[in-house]
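Okay, structure first, notes after.
Naming follows writing order (A, B and C), and every chain is counted from residue 1.
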């Protein structure tokens, strides 16, 4: 018996077949956020890609639509001829991987939603926020793009960091196009594939992740429920940016979430 | 002050009075599943019984009714003349220990429900599953008994294991009689005893236990609530088969759950 | 990146600016309950006050009203000329710190609610208990004060302790005036200050804290939700008396909860 757990040294993570991960960041961030976690995974023999999607990072055009981000991900998968991948989405990256899976299901071994949105069919990401947050999107200037104010990032998503660490996280952030949050997402194919077993999915919830506030709009279990009765669900210590605060534990958990 | 916690080395588990545990397995399994946890408890000076109930294990008749499983447990307690026991039930073993407690409350120091069903009075175990799972029981062939398909066990209950460990768990499983899930259980005496304080009960929930999917039908806190306002409740890391993945931590937790 | 987490050795807790903590106990207890946690905080360079409020501890008059407890806290802050403090309230101490914050918001850097009540405006603490618990308060004799029976403290709040530790906790307890639970609390100013950002607040929930039973009346997330969309929320291992069972982890968490 080699059963293991995500918060202990994890021998199984070292004995399982090597996996190919594509780690997709969330809003305001880039592939850099995965550096520490990617190092841990590579040390264990896995292949790791950390693309930065269109519209993310400094200097990107703020005129892009949500589909441009998804298109840049599917192009990355195509250009690198990737298959049998564990496609991990963090935060709004959940929307990107769900749509990429609609376009290229044959490349995907399993989807892993980490602290991630699983939007309902026909909804925009903004629709999944608590009503009290709607003002954020109303105030956004499309020409400038959208970046949540520091206090929101600091209190909700950097809640297990000291202020220097929280400021370092925010200093790396850039606005993204407003339409990334406000465009309605079809996602009908994604939900049908999940329901039919045509896509396999895992959900990883750090127990202190309150990037969406507790109550009816908390991300967990709300989004995990949408992955159907055969989702593989794991709860771990940590908060929304668990890849920064606990990279080794997260790497072990991603292996457990992504393996056969 | 010797207060202790379930996820740290636990000095109190070594200083408390020695306890007598009877560990009751869940569906498809046998007393063997407790081997690692029982070793940990015995090392700390506790007495541990791990009976295999009728209808569980290879070669058992599939014609048995739910009461046969309970009768085999009460017979075990009688034949070994056990008293002052901490009676632990895992998964559907919660139904077995609740009914054994109705028949022999004088033998029991405390009930411990670990990732366990606490069925409502008059309900069958199958009634406590999400409606979407009802098809499992409709499809079951009474002559062959009932065993959940591998994907259900693997994704919901082996979610913190790699595939080799999950396959090893499933390889040990055997069908059990369909009636174990579909027979209505009275349990009126059990619920009255719990409500009156005539039985003391604890509930242990591993935070990644989603053997029943998240949402309205999740086992926690649904089943713990049924143990009344003086239940002793503990949450620990791990998943449905925490006795396989974290035997030492579980042993310490069972001592805390079962002691005076 | 120095991001840290509350359940690991926490370098950031040592590099953050030194903080001034005022740790406020809950019902039936005194400032002594913080001794171990205060030592850990002081070792890391923080200043720590652990006042015992009026009506708490042996020999106090049972004729006091709820406002007397609050007045003794505000007097302490005034007499020691404290400012820029992290004001931590445990259990019903949440009501004390919320009211002290109404009277002296200028002294407060941040409120931290640890396993704490955040009463609704106009409610008494007793109103926040499950209806099944109302009998406790009805039975209380005002002349004798109020102390929850041992079984309630032992099962709900000492659930991660062995019986010797639970008895040691109870042996330190004293009744408090009944009116501490039954007086209606205005708290309108507090809730307005939190809603306007005039007060910053954190909520720390130990995942095994079921001092209030699971279900609709559980303290978490019920009370955390009342701190508004910019509350900083952390979940940690442990139970209601986490300051006794896990002082080092709690100290690190209080720094993360209380820092800028």
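Here are a few things to note about the model shown:
The rule is simple: contacts are C-beta pairs under 8 Å (C-beta built on N, C-alpha and C of every residue); 3 or more make two chains touch, one makes a residue touch a chain.
In this text the structure is predicted, and so the values were computed from the model without any measurement.
Put simply, subunit A has to spin 120° for its C-alpha atoms to lie on subunit B, with the angle rounded to a multiple of 5. Residues touching across the subunit A and subunit C pair largely diverge in numbering: under half of the numbers involved belong to both copies.
Between the Cα centres of subunit A and subunit C there is a gap of 35 Å. Along subunit C, residues 207 each make contact with two or more other chains. Touching subunit A in their complex are the following residues of subunit B: 36, 130, 132-133, 151-152, 155-156, 158-165, 168-169, 207-208, 210, 213-215, 218, 237-239, 241, 244-246. Partner subunit B is touched in their complex by these residues of subunit A: 1-8, 12-13, 15-16, 207, 220-221, 224-225, 229-235, 255-256, 259-260.
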